[in-house]
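What follows is subunit A paired twice: with subunit B in the first complex and subunit C in the second.
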Partner chain A sequence: MSEEQPTDGEQVSADRGRLSRRRMLGLTGTGAAVGAATFAGGLGIGRATAAEPAAPPTGTSRTYPFYDAHQAGIVTPAQDRLHFAAFDVTTTSREELVTLLQAWSLAAAEMTQGRPAQAEETSYDSPAADTGEADGLPASGLTLTFGFGPSLFRDAQGKDRFGIADRQPKELKRLPHFPSDNLNPVRSDGDLCVQACADDPQVAVHAIRNLSRIAFGTAEIRWSQLGFGRTSSTSKAQTTPRNLFGFKDGTANLKAEDTKDVDTHVWVGGQDDPAAAWMTGGSFLVTRRINMHIETWDRTSLREQENIIGRDRPHGAPLSGGTEFSEPNFTATGRAKEPLIAMDSHVRLAHPTTNKGAAMLRRGYNFTDGNDALGRLDAGLFFLAYVRRPSTQYIPMQMRMSREDTMMEYVQHTGSALFAVPPGAKQGGYIGQNLFT
Partner chain B sequence: MSRRTLSLAVAALVAVGLSGCTSNEPTKDSSSGSGKLAVSSTTDKCELSTKEAPAGNLVFNVTNKGTKVTEFYLLGEDGLRIVGEVENIAPGLSRDLVVRAPAGKYFTACKPGMVGKGIRSDFTVTKSDANLEPTGDDKVLADNASTQYGSYVKDQTEQLLTQTTTFVGLYKSGKDDEARKLYADARMHWERVEPVAESFGDLDPKMDLREADLEPGQKWTGWHRIEKDLWPPKSGYTKLTPTERTTIADQLLKDTKTLYTRTRTAKYPTDKISNGSKELMDEVATGKVTGEEEKWSHTDLWDFQANVDGARIGFEGVRPIVKKKNAALDSSIATKFTALQKLLDKHKKGTGFKLYNELTPAEIKELSTGVNALSEPLSKLTAAVTL
Partner chain C sequence: MSEEQPTDGEQVSADRGRLSRRRMLGLTGTGAAVGAATFAGGLGIGRATAAEPAAPPTGTSRTYPFYDAHQAGIVTPAQDRLHFAAFDVTTTSREELVTLLQAWSLAAAEMTQGRPAQAEETSYDSPAADTGEADGLPASGLTLTFGFGPSLFRDAQGKDRFGIADRQPKELKRLPHFPSDNLNPVRSDGDLCVQACADDPQVAVHAIRNLSRIAFGTAEIRWSQLGFGRTSSTSKAQTTPRNLFGFKDGTANLKAEDTKDVDTHVWVGGQDDPAAAWMTGGSFLVTRRINMHIETWDRTSLREQENIIGRDRPHGAPLSGGTEFSEPNFTATGRAKEPLIAMDSHVRLAHPTTNKGAAMLRRGYNFTDGNDALGRLDAGLFFLAYVRRPSTQYIPMQMRMSREDTMMEYVQHTGSALFAVPPGAKQGGYIGQNLFT
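Up next is the complex of A and B:
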């Protein structure tokens, strides 16, 4: 990738000519004025006087441009809330599918700027163009990220569905069965996906609701997942949050600021797959619903919990010593020459040095979907990871972890999907345009 | 099946002395009345925030401010007896050492680099109102628990070997009805000592792997492979040929013999026994009460009962120690074992139990609630027996 990568949390367009105005719009919040007039005040104005903000924008006023070289919602500093939805395409018409992607792109461009999904006037005697529950709310950093599942290209019998089968990326296949997987098919896979991230759950849910409404007749929701409490940091400006096991999660995650690593591990390159050149600048998204056995974990001694993770709980420091961001020393030994970081600990098995240098950009979320029939919390981590090549990054790593990671005793993977996330749309264009033209 | 026990087995091996007190858990016990004692360990210094403390539960918060992995000890007046120790504190990290200390003279010692006698200082524990019963005979109690549990494991693995020999014989010769009858009973001997069997990481996957736990291309052997062949799904399944049966059966017997040999000499410190009890109930909570363990035969309640048996034996072994140190915990665990057994007894049928798929959702919920009620106090057992 030759395009300039974002150097801070703000999504910066590769097109410098259009950059300044759009960026200004985003920062001042005036772009959000139509849908959220009350918010375009103080915060935004203060911001506008700063020529180059050093830190990523924070607070609910932040907006990210929809039209960009890469889709927003990947290296964007992880927002606090998630509504993720996977769709089944119900039409057989390629034209209708393209029309949907065009309509989704337009609506996404509006909503991410804090405006209603559809701007056009409607009759008093017809339903409103926007469902209305986000009226008056700021953009809240909303990003909408779209992806295509393998089943969009070929049906279960291998038949080309929309004349795009020859362009299916070779990396886009159903994920294999991993040991201990207990997948629920109605929580797995899908033809299309939309990841809505925002700092306000109402804003994220509003976005999925309106996109879903636009899709009726062409596509319908197959499964969706709400998430709270981001479980990773995608920017160095963010503190490391905790997962439901109470441990800091995402300390060693790829960060937007590490542009070289992001180029190497996240963005699909122009030569990666000539038959699927439309994916250049895109990425692959792995989603896994990981249920946690919260109750048994909570009965486990702190000693054992820390040994399973390989880090201490208060600070997230590796058990080989140091502070949270100290590199783990896997050769350090303690009494009886036992490694300080256990051989089957999570941090060791997930570390790039254990995985031929493979890394990924995670932006998972905690979830709690009430409780199960036995009164246990139906809770865990909704894992989202962006990788350039699932076959060398996610798959071998998860295979090793499912086999050896002691943490597997406390988790169960209950949903699974892989999507191809195309590059961003150009102004006036739509998501996935290069696939269909 | 569980992999968790692997690391525990290691932890148990490095634990020094059965009275060694290496808990990381800060205690809520207020008998010491004085919060945590701060210890700063550097390359050449071992500084304590105070030189004395009242008798009771003492919490030393040891921070490694040096560059080498360190350890901290509380030693008796003779400078030899280890009252408590905390090991493997990497640079930058903090660990708590919780010890129950009666009045007297002690030494503290930091051991940067984990070599030598350590950097020692005098430490005094003054008289207090804390109720500290004599603990001198703890070692005897712990040794007794260890010996008893060792005998139990030996006995169970011996019966497992006998029953498995019969079982694979029936299976190989195509006597499926008789094999099905013996399956659940034979497995109970495995399930009673599951944490021990699982501590051998090479054997457990070969003997007890469920189909869902397989990875692509992995060969499936062990009890559950035979289970599926004896209770085959109605469609889409091809029964194993006599040759394939022989291979699978011989492998299970061979692995059982290896387990038998290894358990003749294995040792069980008290923390391993008490952790084993907790783990057995975790097994019930995640696999048996959900019907995931015996997917084809539905004999989950046999496993359930065996796990409870194993947990109870472990608890009874360390009971004299718990009774002395935390009578309330002891009675809570005992009461809840009885209550859970009553719930299980409701589902007894002949010499065995109802099948899992004969239970109503309400009955399953009731069992699950009973498991939770027991598991909660049981999770505090290890801290109680090691402090």
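Up next is the complex of A and C:
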């Protein structure tokens, strides 16, 4: 390594043969020059002055803080792309699990700021600390949101896996079977989850890949899901996107600006569950992989589609009149006293007024995962919803919808999971710290 | 339908109960108001003034013409997202096949300009002419590129399927088996293909879905592939992206600006194959689904990775020195006369100078399709390359690489296809017209 030529006033510790990942990328080619120069007898030095093309191909430079009272990625304005992964913990050691959560938190704090996953020093003769495919891409609004499944607390036999069973939130139970569920067990449940949202899918995929890599030997991916387009707005500044039924989705969603509603419906309060006080400031995440029979839907008349949804397609306005953001009038009737918004329409069955005021913060994504053997697209909605109490905010509504919602003829739920999403980590701390201390 | 209220000076043909798809979306709510008013006794009219939120959630407004000498989506600056589909033709009727190509061409001409798939009139009591999920999204640089597989010309028994066997290009043969291929037949081959590229994945998915819908009864999807990030630049104005090995990919790719090289290496010439003169101005598309063993790769030292690639990771400069766009010096040696760029490195084996000057226009995409049962991401590179002569530009190089390239230890080819991509359609004509007339 005698031919190294530090540049830009940076010190390269040649005898240790190590240089920081961040510095290596920050320097104009030095990291590479060090390696090549070893072979090249000085030839590599020319590369040290290589200039990077300026503009990144995609993405945005916005960043969200990782260390915060609540985890980012919940009320954060929904980013356009998703990579979600559920993990099985493979270790039986509580210490290794805690070490994983610490390492994940550190890596998340780096990556969400647009930096490589691991900032520690690395040797040029070791695997790189970061896998590299997001080098040069901006942070792209990346958020990483972590959750714990019921199986993290107790195994299938009810055994306490990591000495935390007495702290399992009473709301954190495997979701019940809903009528017409057709769940694939390998696409359901999980001990841990990570929701990666970003404006650039390469940034989201990079994050899940590096977290999976960090978990090697401690946890492994059980299932994962890419989402190519958001189907909900979580901020009033966002336009309402469309789902694969072609309709605007999530018009009546909770929005970050309605802080009182968010406090009521999303964040777990200090008195909600005294045995699980570590969840204060956290939330519960329902995930449902909802396949859409889009070929069947596409053969249905526009009138029928609108009656099933209860809104018009062009603007998303309720069929009782008004604009997209008008409140639906469920008592309005038309000819022959028929309700303008059908009794079995989706908007009626999902609306807070017909669910004892229950509301959710939805954060779902459209997905397409290839096609089936009959040439039909394997596509639909990956439903994500954050609620304070699944037992009152999600389960009764879904039970009712799966029985009464006409839309159920066009969808099939193929994956399901519930996770407890702890509050945010403090600077220097880690996600879930209050559960383990 | 007596309560319709035409707005904005538009005429609504009430007695026919039909209104154009485009007008329906263009009018501020009229289409929906028509439907709702039927039930609502006038209540729906209020919606006719609903204003759309201004900003679309994503995408760009750039458009590329559909009718052109060459098909768009080849030398077009590579868009960020991909949805690719291969189709099996299910009809035995030549006429139906031609009708499909005509309908596809019309729909492509609409969608690439940011309009719904079908502009013809539709009834509110019929299925909508467009599936709707791209309503309100800009064109996002959508290109749709169509190709014909060898199986369109002759079936497995060699039988002429549609009276075009005598016009099958001699270059259009099923790709040979390459050493270490592990092809999944249901992810390989196909009678027809459509490559949808756009800046917004929802726009690309919408296009494939609507083309598949139009094909119902004539052709069905055989396999499909989403790509979330481009791995090649096809224009000098673009920065070089990174593949999932973390390296810049396609630095030495053909670029649209090198029109002479493009003419030499991409476009089929009038004298190339007199029996298949209909291909003049077209090209051949090689598709390969290349799974990357990213977990294994990630455990390899950075030095080893760079030696396998033959370039440095931070900047993509050849290991012989210089910057990203410096020509690799394959004769340069370092200590002990070892070549700076290893003999079995990817850059050496793929380079035109070691392939009798053969070059390709690459247009590949990173993909992640969930994970396998061992928790490893099902991820890699969906390789797309346009060449004038597969027999000299792709097959010998791939044969050599699959034997000698050290990178082959980290990848597995799991899908393969070759398509003849005809020239562009003339205004009023359709893709492949010269093949059928």
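We adopt the following convention: the second predicted complex is superposed on the first by the 378 of 437 C-alpha atoms of A that agree within 3 Å, B and C clash if a C-alpha of one lies under 4 Å from a C-alpha of the other, contacts with A are read in each partner's own complex, and residues count from 1 in each chain.
Rule of thumb we're sticking to: a contact is a pair of C-beta atoms (placed from the backbone, for glycine too) under 8 Å apart; a residue touches a chain by one contact, two chains touch by 3 or more.
The structure presented is a predicted model; accordingly, all values stated were derived computationally and were not measured.
Enquirer: Name the contact category of A:D272: first (subunit B only), second (subunit C only), both, or neither.
Expert: neither
Enquirer: Looking at the overlay, what does A:E96 touch: subunit B (first), subunit C (second), both, or neither?
Expert: neither
Enquirer: After superposition on the shared chain, which partner residues are touched by A:D263: those of subunit B (first), subunit C (second), both, or neither?
Expert: neither
Enquirer: Touch test for A:D344: subunit B only (first), subunit C only (second), both, or neither?
Expert: First partner only, subunit B.
Enquirer: Scan A:G334 for contacts with subunit B and subunit C and give back first, second, both or neither.
Expert: Both partners, subunit B and subunit C.
Enquirer: Would you check which partner chain A:G321 touches, where first means subunit B only, second means subunit C only, and both and neither mean what they say?
Expert: Touch status of A:G321: both partners.
Enquirer: Report for A:T406: first if it touches subunit B alone, second if subunit C alone, otherwise both or neither.
Expert: In the superposed model, A:T406 contacts subunit B only, not subunit C.
Enquirer: Pick one for A:D125: touches subunit B only (first), subunit C only (second), both, or neither.
Expert: second
Enquirer: Which residues form the common part of the subunit A surface touched by subunit B and by subunit C?
Expert: 295, 299-303, 306, 312, 314-315, 317, 319-323, 332, 334-335, 338, 340, 373-376
Enquirer: Where on subunit B does subunit A make contact in their complex?
Expert: Touch residues, subunit B against subunit A: 2-4, 6-8, 10-11, 13-14, 23-25, 64, 69, 71, 87-88, 90-94, 114, 212-216, 218, 275, 278, 282, 285-286, 289-290, 292, 361, 364-365, 368-369, 372, 375-376, 378-379, 382-383.
Enquirer: Quick one: which bits of subunit C touch subunit A in the complex? Just the residue numbers, please.
Expert: Checking each residue of subunit C against subunit A gives 24-25, 28-29, 31-33, 35-36, 38-41, 43-47, 49-58, 80-81, 83, 85, 87-88, 122-128, 130-136, 186, 199-202, 205, 208-209, 212-213, 216, 220-226, 228-230, 238-247, 294-295, 298-303, 305-306, 312-315, 317, 319-324, 332, 334-335, 338, 340, 366, 368-371, 373-377, 379.
Enquirer: Going by the contact rule at the top, pick out the subunit A residues touching subunit B in the complex.
Expert: 176-182, 293, 295-296, 299-304, 306-308, 312, 314-315, 317-323, 326, 332-336, 338, 340, 342, 344, 373-376, 399, 402-406, 408-409
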